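Chains here go by letter, A, B, C and D, matching the order in which they are written, and residues are numbered from 1 within each.
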Amino acid sequence: MAFFIGRDKEVRRAYGFDEVAIVPGSLTVDPEDTDISVELCGHKLQVPILASAMDGVVDPKIAIELGKLGALGVLNLDGIYTRYKNPYEQIEKIVSAPDDKVTEIIQQIYKEPVKEELIYERIKEIKKENVLCAVSTIPQNAPKYIQIAKQAKADIFVIQATVVTVKHYSSSYGCVDLEKICKESGLPVIIGNCVTYQVALQLMEIGASAVLVGVGPGAACTTRQVLGIGVPQITSTVDCARARDFYFKKTGKYVPVITDGGIITSGDMCKSFVAGADLVMFGSGFAKAKEAPGKGYHWGMAMPHFYLPRGARIYVGTTGSLKEILLGPSKTDDGTQNFVGALRTCMGNVGARRIKELQLAQLIIAPEIKTEGKRYQKEQRVGMGK
Amino acid sequence: MAFFIGRDKEVRRAYGFDEVAIVPGSLTVDPEDTDISVELCGHKLQVPILASAMDGVVDPKIAIELGKLGALGVLNLDGIYTRYKNPYEQIEKIVSAPDDKVTEIIQQIYKEPVKEELIYERIKEIKKENVLCAVSTIPQNAPKYIQIAKQAKADIFVIQATVVTVKHYSSSYGCVDLEKICKESGLPVIIGNCVTYQVALQLMEIGASAVLVGVGPGAACTTRQVLGIGVPQITSTVDCARARDFYFKKTGKYVPVITDGGIITSGDMCKSFVAGADLVMFGSGFAKAKEAPGKGYHWGMAMPHFYLPRGARIYVGTTGSLKEILLGPSKTDDGTQNFVGALRTCMGNVGARRIKELQLAQLIIAPEIKTEGKRYQKEQRVGMGK
Amino acid sequence: MAFFIGRDKEVRRAYGFDEVAIVPGSLTVDPEDTDISVELCGHKLQVPILASAMDGVVDPKIAIELGKLGALGVLNLDGIYTRYKNPYEQIEKIVSAPDDKVTEIIQQIYKEPVKEELIYERIKEIKKENVLCAVSTIPQNAPKYIQIAKQAKADIFVIQATVVTVKHYSSSYGCVDLEKICKESGLPVIIGNCVTYQVALQLMEIGASAVLVGVGPGAACTTRQVLGIGVPQITSTVDCARARDFYFKKTGKYVPVITDGGIITSGDMCKSFVAGADLVMFGSGFAKAKEAPGKGYHWGMAMPHFYLPRGARIYVGTTGSLKEILLGPSKTDDGTQNFVGALRTCMGNVGARRIKELQLAQLIIAPEIKTEGKRYQKEQRVGMGK
Amino acid sequence: MAFFIGRDKEVRRAYGFDEVAIVPGSLTVDPEDTDISVELCGHKLQVPILASAMDGVVDPKIAIELGKLGALGVLNLDGIYTRYKNPYEQIEKIVSAPDDKVTEIIQQIYKEPVKEELIYERIKEIKKENVLCAVSTIPQNAPKYIQIAKQAKADIFVIQATVVTVKHYSSSYGCVDLEKICKESGLPVIIGNCVTYQVALQLMEIGASAVLVGVGPGAACTTRQVLGIGVPQITSTVDCARARDFYFKKTGKYVPVITDGGIITSGDMCKSFVAGADLVMFGSGFAKAKEAPGKGYHWGMAMPHFYLPRGARIYVGTTGSLKEILLGPSKTDDGTQNFVGALRTCMGNVGARRIKELQLAQLIIAPEIKTEGKRYQKEQRVGMGK
């Protein structure tokens, strides 16, 4: 269906998590019989979930712990852990900053330069526990850091910016040759973020081992408010998954699509897979773990930007252990614990035994009705008056 | 109309209660001349309303009282009444639990095993008052409990899970043969919940006496948040009613459709019938009765789930007697009392003399405008400042 | 455009005030050059605005004052003024009732029977000031009261119920013959409320002098919550105006359409005319007048209903004089004062010199963006922190 | 796609800022390589941003400062600066007025007549600092004031009313001949506001040097509530940009389109350009500058209207310097500082090197999800409880 937003100007409608829902299938499956493992960069992940490279979410300890639980935490190479020998002092400053000072304090803390020896050390710290190690940086730093990562025996290298494209123009600096990095570095490279069929396909063509999908949909991300840019996650995931399927048909190479950003509940995660994702990535959900370095806070990677900070420090509280959040059992009923249990139960209800079957389940457009919430709150409000 | 949520991905739009409204007819009828009785499982119900098998809503006393008023309360065989000789002690614990402990406390209470002699006793307790007795359990327990229910002379057996299908796969346990239960147990069986034409039709084909329609639309149900699964009630009711009509045309057998979940006001109930329902089922509305065991609270059947609890304890307050809520007169103006009066008045306004005529009334899409509410609240706020 | 709310179930989309906006024209006109007068029941009204027959809004004094200002206040013959010699004592009880008792208190007050001599007296009270007098009752009382109204020399008789149709069925009472009343009573009769083309046309065909349009859209009306019934005002006005135009083409008789219900701001009023209304009727806006009997409160005509009360007592406050509200100057900027000035300015901006030209202006669908409001509130909140 | 709001009544759907988002491109560009300059009335503006002619936003000092930063502040010739020798006394009264008196106080202050010698003086004050000077008045005052403006050597003359058309009818006064002013005054004239293709084209045809686009979309503007009139900014910008392109094709003359009203964040500004604007104008964003005369408050030009005031005094607070707001660096993350940095970054992300390329970027319909906000607030609320 075409929409006209003005005279002769036709545009598409995009959809986000809260606008769709999954339809139960005609067959159900015992959740115990579901297989949620996926292949990523030549490794088999037992749990198709990545933790975002945010300083309040993933430190080396979290990366290790997640690896042991079957998932994957990505360490930010441009963050506090590679700028400071003792990162926790700095995190304490961020966590205890008053609301009206926090942007400035974060900007200040991130002015300290990254130390290359700390990159090496942090990776070693993770690898010595015998788990997969994934590290992340921005395109400009990728050529240099990937060499260090390789020496330190990292397994997966992530190149990530708000918006990544294969072609980039600058008159003042030489542009990063992503294709060269992918083909010559000797490490599998995940690249993102992108949201369109075209860019996802181009990233696959230059050799990305997986692509990250998502620009401007997240709660801790103000890209849309600051730049006007953003594509809701269901539509961008569908589009990029179509690029993956086309590229697979053409080349026989299957490049996983990772939905990254905006996932808050296990319901959002389930919808991502039905939209076509092979894996998902989120930060806020893990920031609630009692092991998380941010002590209940998280903040975006674009927040320290000096001229144009985006994102906010968000307090999400500490609600349970990393294991409870990932594998359960859940002590809450709001979709923020036991992501794996929710995924298996969802698969059971739609009759999918593997992630690739879940991708074939049916979605409907079904906006969350706000008045429903209103009623609900009203009832609770009555309760508080008791 | 088709909607594309991404490249070549076409999905349907589904609608909920708050998005539609009933259009008055060209003929009106005296509400006193309306006949709201329906047939269910070979019995004539004077009032086409069922109370949900929730422990805070239906205990044996409520089931008896509802039967005397012409409606039907369903007793949960997997709940507190069959686990505990003295269930009210346990309910007191739930009702008085602090908000942050309630999920754990409920999980604890429901660990106590069900006693088969209590199933027998509870049914007898209801039957000796000479009213219809309907009892409910999950599919796994159905083969065993239906025998006890039959011995105790229950009238109607309900098999209910979040999502029910005829076909189910498990490698670790033998699957429940719903068809066998329907055809050999000797008791009429109502099965649910389902939301699609296909599953509703399959349930009718294996011998269900009625089907329950509704997955993920209710206020006390967080299925959508946890699993991403849910279909708004108007669309699921329309679809399942179509299955009923097709099955009736094909076989001459009329299998009633019961809209279950999400009904809060009498307006929601009226819309369910216009969408095609033969009966409705709700819990929250009856939890407000001063006779309700939950003392103004209710909680969902999926809430005690150990690994993945869903639903919440909700305080709705105590607003009137069971009779006022069902038959009026109403002392409130918000659609939460006198459900029967509202149904008759609605039928009068659209010119329907029987429920089957009400099913032919006209709906329109007419979203509730939030700003209207805002204005309204604003005006009231001014009033409070007085 | 057709919408499917379920399998093979196609329904229309209806629109309300907050979903549309008026587009400025290619010609503008000096507001001083606009003519807003309309003809109603053989009389010329200088101002095309009626005040609703609500006891908190129109007493004989308000009816007189509105008449002098060029508008028309309708007196409720089933209300307090014809039940009590001293109505203001009763109003005081309603106004001072606590929130949780008000429905019961109103039900109690309206149990007092109507006195026929008071009907006669109230009309005389208005007529002796030499203004138009319009009175209103429900269909059942119409045959009797219209005779009294005629004797007392009322000018216009209004027959009004939540939903009115020409055909009505009752086994227990003889149905009111609206056609007979229209044709034999000798008084012009306005009938309502209706919302569809069919019913509006039928009312015109049996001799209504004007029709009232609106079921379930108003802020003080909970018809939609209680009965599920309601049609947003823009769509119902468009449809009934189409019936008027068809009937005029066929018979040469022009039967004005009056949009009644849901109008809160002068913007809503302007949109009603652009949707096709000849006149508008509202209550809440006049309840804010310092001369209003309700002292800043109003309540709906369906509120005293014994078995199924609908509507609520709403406090809107007292914000200005009746003249300021109707003719300005305005001391507020929110569209609640100077309705006539707003109408003329709107007509100027779309280039309409008469109401019938305003009916030809262009509407667009343009939902009010809630976030806009949020931002606005946020900014004000900052202000409060000052 | 056509929408029917009633029987045979087809209308268009219009879109606003919060309903669309910008899609990243397949090429990215270094923000340092973007050129944001535009031509306006024969002058080159380094920054395509105008500050609205609002008394709380632009005084001569702000106009000078903005000029030095490469942008353009428009001085209101019908406001306080030309009515009072000492305008700051009056502003102090407005700023310190209590909420319920402010409309009346503003009405009172604006009763003082405009002094022609103050018009001359204010323009001279700006021009002696060697920056561009733009001044604004309503159509009725244009013929007289444009002569004074020309003598005082103003560079750009703005004729602005809520709704402007080429054709206007009045029986009591001679209508302003906009064409004559444009063609004979010797000063470039910007005219507005308009929202339709037709009117924009007509204004270009009579010689406007640029057109202002926007009726009823702004936060400080209650046009829609009072008059029912308003067109969301994305649709009106697209339509008027189409008129510009048609006129350019026909005549070779390029008449810039300026989106005026409703822009709150830098994201809104970016979307305006993608919808087709050449420049943008806003007031609220600059009212937050510590140099702003309104001390954190602003109010609309229609607010002093005697019979029908529209707009409100809004407190936005003081958040940074004019330079920080316009050029950064930003200390906030909400899109209210560093508008130029945001524009360049947006252009970089969509691969546009000039404003005219940005106009070709892709938009999608992507409503801001309110529940997303709700979640976000909820999380923050938890934080506050800490």
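Here is the rule we use: a contact is a pair of C-beta atoms (placed from the backbone, for glycine too) under 8 Å apart; a residue touches a chain by one contact, two chains touch by 3 or more.
Owing to the predicted nature of the structure, the values given are computational and were not obtained by experimental measurement.
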Worksheet item: Hey, what chains does chain B share as contacts with chain C?
Response: none
Worksheet item: Could the interface between the copies chain A and chain D be described as same, meaning over half of its residue numbers are common to both, or is it different?
Response: different
Item to complete: Could you work out how far chain A has to rotate to sit on chain B, using CA atoms and steps of 5 degrees?
Response: 90
Worksheet entry | Most distant chain from chain B, judged by the mean position of its C-alpha atoms | D
Practice prompt. Report, in whole Å, the distance between the mean C-alpha point of chain A and the mean C-alpha point of chain D.
Written response: 38
Item to complete: Calculate how many whole Å lie between the centre of chain B and the centre of chain D, each centre taken as the average of the chain's C-alpha atoms.
Response: 54
Item to complete: Using mean C-alpha positions as chain centres, tell me how far chain A is from chain C in Å, no decimals.
Response: 54
Response to the item:
Shared-interface residues of chain B (touching two or more other chains) are 1, 12-14, 235, 368, 370
Worksheet item: Among line, ring, star, complete and other, which best matches the way these chains touch?
Response: ring
Practice prompt. Can you identify all of the chain pairs that touch?
Written response: A-B, A-D, B-C, C-D
Worksheet item: Considering the complex alone, what residue numbers of chain C touch chain B?
Response: 1-9, 11-14, 16-19, 103-104, 162-173, 194-196, 198-199, 202, 215-216, 219, 222, 224-232, 235, 262, 264, 284, 296, 303, 306-312, 314-317, 368, 370, 373
Worksheet item: Which of the residues in chain D come into contact with chain A in the complex?
Response: 1, 12-15, 20-30, 32-33, 197, 234-239, 241-242, 265-271, 274-276, 328-335, 338, 341-342, 345-346, 349-351, 353, 362-366, 368-372, 374-376, 379-380, 382-383, 386
